[in-house]
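In structure tokens below, several structures.
The two complexes that follow have chain A in common; it is paired with chain B in the first and with chain C in the second.
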Partner chain A sequence: MLKGYVPPYNATVVQKLLDQGALLMGKTNLDEFAMGSGSTDGIFGPVKNPWSYSKQYREKRKQKSHGENEDSDWLITGGSSGGSAAAVSAFTCFAALGSDTGGSTRNPAAHCGVVGLKPSYGLVSRHGLIPLVNSMDVPGTLTRCVDDAATVLGILAGHDPKDSTTIQDPVKPFTLPSLTDVSKLCIGIPKEYLTPALSSEVRSLWSKAANLFESEGAKVIEVSLPHTSYSIVCYHVLCTSEVASNMARFDGLEYGHRCDTDVSTEAMYAATRREGFNDVVRERILSGNFFLLKENYENYFVKAQKVRRLIARDFVNVFNSGVDVLLTPTTLSEAVPHTEFIREDNRTRSAQNDIFTQAVNMAGLPAVSVPMALSSQGLPIGLQFIGRAFCDQQLLTVAKWFEKRVQFPVIQLQELMDDCSSIFENEKLASVSLK
Partner chain B sequence: MQEIYWGVISGTSQVWLGLWALAGGRRGFTSKAGPRVEAGASRRVLKGVGQILEPLALADFGSGGAVARPEKAIAFAYRLCAVATDRVGPVRSVLEDGCLCLRSDNVVEGNCAEELLQNSRRDVEEYFVAPPGRISWPKLDEKEPLSHC
Partner chain C sequence: MATPMLRWCCPGRRWIFAGIGGGSRHGRGVPTGSTSSGKRGQSSVAQQPLITAQKPRKGEREWAAVVGLEIHAQIASNSKLFSGSQVDFAAPPNSLVSFFDASLPGTLPVLNRRCVEAAVMTGLALDCHINRKSLFDRKHYFYADLPAGYQITQQRLPIAVNGSLAYSVCVGQRWSQMVTRTVGVKQIQLEQDSGKSLHDNLRSQTLIDLNRAGVGLLEVVLEPDMSCGEEAAAAIRELQLILQALGTSQANMAEGQLRVDANISVHHPGEPLGVRTEVKNLNSARFLAKAIDYEIQRQISELENGGKILNETRSFDYKLGCTVPMRDKEGKQDYRFMPEPNLPPLLLYDSGSLPTGADPQQVIDIDQLREQLPELPRVTREKLVRQYGMRPEHSFALLNEVGLLEFFQNVMKETRAEPKKVTSWVLNTFLGFLKQQNLAVSESPVTPSALAELLDLLDRKAISSSAAKQVFEELWRSKGKTPAQMVAEKQLELMQDAEALELLCRSTLETHPQVVTDVKKGNPRAINKLIGLVRRATLGRADPTVIKEVLERQLSS
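And then the complex of A and B:
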């Protein structure tokens, strides 16, 4: 739909980075209009996970299969900001921007072994971010370590007159303290997030992480988010409804793709949108318009808005009980092969893969995915920390403590290892970006 | 099949991984859904409103496969009926308790007609050009297939 479109202005987050001297290396691939959880439904094709080509993964594969084409079963990055996660994971750039409406920054971060931050809603400007769900969208960041995420957040956060949904409170760049004493910290483990679909390896790492905090003196308690089971349905209704509204601006008249049909305005709009949008986007537009019909508006859209309050209230109640940070999985499993992922349609996969991440967007809370360890197949598994609203700095402080303890290994890509042998002397270094 | 559950042993302050019986069915993300809309029922609903939906959305159902997915999406959404929301207000913004300010209505930037027009495919004398606007899009059962341009 936006083929050939050259934006006449920079998004605020982009301009802020440029103002600090950042070099914009390029734009990365994603699911079309950020609708998806695999980065497989973009016009430029699917994104390949760099870990598909890592020494860690390939050595494990060789042990199991012999003589197969090494490239035939490459892995997805997760999505929808998969291109950004892949770019950071493969050391293409220092950091990348993504968007996060239901987990689209955290999900690929977990699959690509990088840190994916979703800031509090209202902390970072959405001006210039193509809107998907106005009340949930947040620009996200992908970096190789938590310190880098804090650096980028410090630049991006703050009120923007061009985005009236940014809070007025002044925000300054900050340096994360190195937390040594976690005895005053209370970590919550939501019991409803323990689902049969969770892989045993992720489950095991989740348990190990909780034990790590407790062994170092933190208080770790089970908590309840009672409306969790309705969260994905609620998100689905709100998302499609807002998408139906937000996609209405793409009609070919002023910018972007335009069909040659000249019979009538409506015919031109319809043909342009049929050609410009893929099936995934059109399905969401149609579903959303259904929920917004006069006869359905109260029963679906307003109903979902009410359920959203219950979900947000669950988080408030937990944090009011003394919990500082919640610890959950980010994804159900490690990254899967593309051939396996595409066996189900986009909507089904999104409903499956957004399961741990979308509730955070509905509550507007900050959350970060931090890589913890490699699976038995040599692939990254990340865990998610969820913080109180506008306590992003505290959240990242806890995440940094965790990152330092787990020492997630650096990806071993042959080209990188050949060129940068001195940098990789210390294989446990989480980030080589500013050192 | 053994399932795993999470528990905290009171008194020992240890978080541990235990065993969770399958009996009683799933918990966590499975919704205790109310009445389910069958696939057939949602298809009838969708077909019935299709004549309104497509013109409203200015997007069509396309091939047969693409019809099935909105049906599933609608059936999926029906689970919300099971949630009690009496005396619960809708959330329009998570920042509803705070103060959000609009900027003043002063023009401080713009004058970029040339840049904007460069993105349009058809314009005349700095006007965007639209086809005739009083011809409604054909009804679902009457329309001819959209030609691929």
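And then the complex of A and C:
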């Protein structure tokens, strides 16, 4: 739909980075219009997880498989901001921006072994972010460590007159303290997040993390977010409704792809939108329009808004009871091979994979995925911390403490680099020193 | 088939009075005692005057019409409602379009303060309750002049509700029989205007100009308290004057700054309301009244012929003078209203609720706006009547023309003539000349000072009124000379020499014995002949009333 479209302005977050001297290296791949949890449904093709080529993964693979083509079973990055996560994971850049509406930054961060931060809604400007769900979207950051995330957030946060949903309070850049004493910290473990679909490896890492905090003196308690089971459906209704509305502007008239029909305006709209949108997008638009019909509005949209408030209130209640930060998994398992992922459709996968992340967007809270350890297959697994609204600094402080304790290993791509240099002898590759 | 006619309600100008045929009933809602001239009609009338058939047949009953109006007024502001692009009605196509107006992805709306103030001021002027909290919504439909595929409006909770608009209509044959009516203001809401589309049928293409897309509109919804075209037109006229006085909109219908849609239905009194039709895009007050009255007639005829009224949208064909169904509305539209997620609720304050230390740039104080409201037309008219003893209908006429009131007041400042005289000259002579040459007050060749000077001469009886008219015409045609100069040049001064006049009269009487005899016989018109003769002899410089006096005295002696 946006073929050939070159935006004539910079998003506020991009401009802020440029103003600080950042170099824009490129734009990354994603699921079309940020709809998806695998970064597999983009017009430029699916994104491959760098860990597919890591020494850690390949060694484990060699033990199992016998002489298979090593490239055919590459892994997904997760999504929808998979390209950004892959770029950071493969040392292509210092940091990357993504968007997070239901977990689109945290999910690929977990699968790619990087830090994925979703700031509080209203902290970072959405001006320039192509909206998916206006009331849930935030620009997200992908970085290799928590300190980097804090640096970037410090630059991006703050009121933007061009975005009426940003808060007015002034924000200044900050450095994270190195927390040593966690005895005053209270960590909450939401019991509803313990679902059968959770892989045993992730579950055991989650327990291990909880024990880590407890052993160092923090208070770790089980809490309840009773409306968790409704959040996927609620999210689905609200998301598709807003999508249907936001996508109405893509008609081929003012910019972007326009179909050649000249029968009538309506025919042009219909043809353009059919050609310009993939199945996933069209499906969401149709669903959303259904929910917004006069006869359905009360029963679906308004009801979902009410349920959303209940979900948000669950979090408020938990934080009011003395919990500082919640600890949950980010994903159900480590990254899966692309061939396996595409066996189910986009909607099913999204519903499955957003389970730990999307309630956070409904409540507008800050959350960060921090890589913890490698799975038995040598693939990254990350855990999620959820903080109080606008307490992003505190959230990152805790995340930083955790990151230091778990010492997640660096991805080893030297083999890949060596393979590549032998093929492209004459070309200069950016050399990265890896230990 | 007898065509049903209005029995009363819109008498005089537009309707032929049906003879009130035998058997027609008086129903409720007929106002009495409200037509005496000279009274500033204070009676507020109960609704729905009746329409009866000229020759009511057996079983035929009366009809009542119900008219509601939806008015869109473009807000007079420097920039658009949600974006910073300029508002200018005569700019080259697509030259005032910001990224947001063109619906580029990633752009967000930012509310324009001036537009909110305009809405609040209009709400206060119409006695509305201003909602301290109001919300914005998206109204979805696909059309080429709506880039985002939705319009941002206020459907759930508009900025102002429950007001009223008082207007005056003539109920008799004469201007002096004016009655005040009120129509309820259901709500006022802020919303975006769409772009303009020009259909080029020759090349089978449509040209889109987005200059107007995103301009702020005030939608004013009037309750269906009106019953005919004249009332609707009068209400619109008063609303225009109010908006212009407030400065919130220029409200010029011909320029599209004020657009009116009418909702019309008919029913038998005592029965439920009928199916209504919507007549859209009426861009002059005159056609508005015509269209409404036509539609009322059409519905009555249709129903009396056993047909049904469809709940449809129609437009008015100016050339044919009738309403026609609009072709591009197929079935009912579901606008899929949804809250606008990028705009938080709009909160307004008054002096009591203003948060301490609030940045004045960021808040709106309703009380402050109320204090700063300019004088409303109704008040201005009342003042004119009080101050100058003016007739109410004259106060209306003075406010009805742009700049006329100011002209009048400037003349009043410089002249000693009586207000009644000034009013008459301004409304009859001056306005007459303007209309003849299709000029605005600002284009008048005669200045207030010139007219004031002329009226002074008249007041001092230095010239006769016919001489004054002559001078006025001269002033209109050529500039540079003052009235006094013209009078001197043309020797128009009234004869002041009483003796000379006496002599002239006597000589006229002597030279016209036959006429004298006629007068003495009792022929009332004969004296006029004598007056005319004397006047001619004085070269028109004697005051006819004085001549008459002298002649009569001489004749009787």
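Criterion: the second predicted complex is superposed on the first by the 414 of 435 C-alpha atoms of A that agree within 3 Å, B and C clash if a C-alpha of one lies under 4 Å from a C-alpha of the other, contacts with A are read in each partner's own complex, and residues count from 1 in each chain.
The working rule: a contact is a pair of C-beta atoms (placed from the backbone, for glycine too) under 8 Å apart; a residue touches a chain by one contact, two chains touch by 3 or more.
This one's a predicted model, so the numbers in the text were calculated from it and none came from an experiment.
Looking at the shared chain after the overlay, A:Tyr255 reaches both chain B and chain C. Once the two complexes are overlaid on the shared chain, A:Asn289 sits against chain B and chain C alike. Judged by the number of chain A residues each one touches, B leads among chain B and chain C. Look at A:Lys162: by the touch rule set out above, it reaches both chain B and chain C. In the superposition on chain A, contact is made by A:Ser245 with chain C only, not with chain B. When the two structures are aligned on the shared chain, A:Tyr297 is found in touch with chain C, with no touch to chain B. Shared-chain residue A:Glu192: touches chain B; no touch with chain C. Of the two partner chains placed by superposition, only chain C is touched by A:Ala11; chain B is not. When the two structures are aligned on the shared chain, A:His127 is found in touch with chain C, with no touch to chain B.
In the superposition on chain A, A:Gln20 contacts neither chain B nor chain C. Taken together, the two structures place residues 8, 135, 161-162, 164-165, 244, 248, 251, 253-255, 262, 265-266, 269, 289, 293 of chain A in contact with chain B in one case and with chain C in the other.
Across the interface of their complex, chain A is touched by residues 3-8, 13-17, 20, 26-32, 46, 49, 52-62, 65-66, 69-70, 72-74, 76-77, 79-83, 85, 88-95, 98-103, 112, 115-116, 118-122, 128, 130-137, 146-149 of chain B.
Within the complex formed with chain C, the chain A residues making contact are 2, 7-9, 11, 126-131, 133-135, 161-165, 241-242, 244-245, 247-251, 253-255, 262, 265-266, 269, 289, 292-294, 297, 301.
Contact residues on chain A toward chain B in their complex (touch as defined above): 4-6, 8, 121-122, 135, 161-162, 164-165, 167-168, 189, 191-197, 200, 203-204, 207, 210-211, 214, 219-222, 227-230, 232-234, 236-237, 240, 244, 248, 251-256, 258-271, 273-275, 277, 279, 282-291, 293, 299-300, 302-310, 312, 345, 347-348, 351, 355, 362-364, 389. Against chain A, the residues of chain C that register as touching in their complex are 99, 102-111, 138, 140, 142-144, 147-150, 204-206, 208, 334, 336-338, 341-344.
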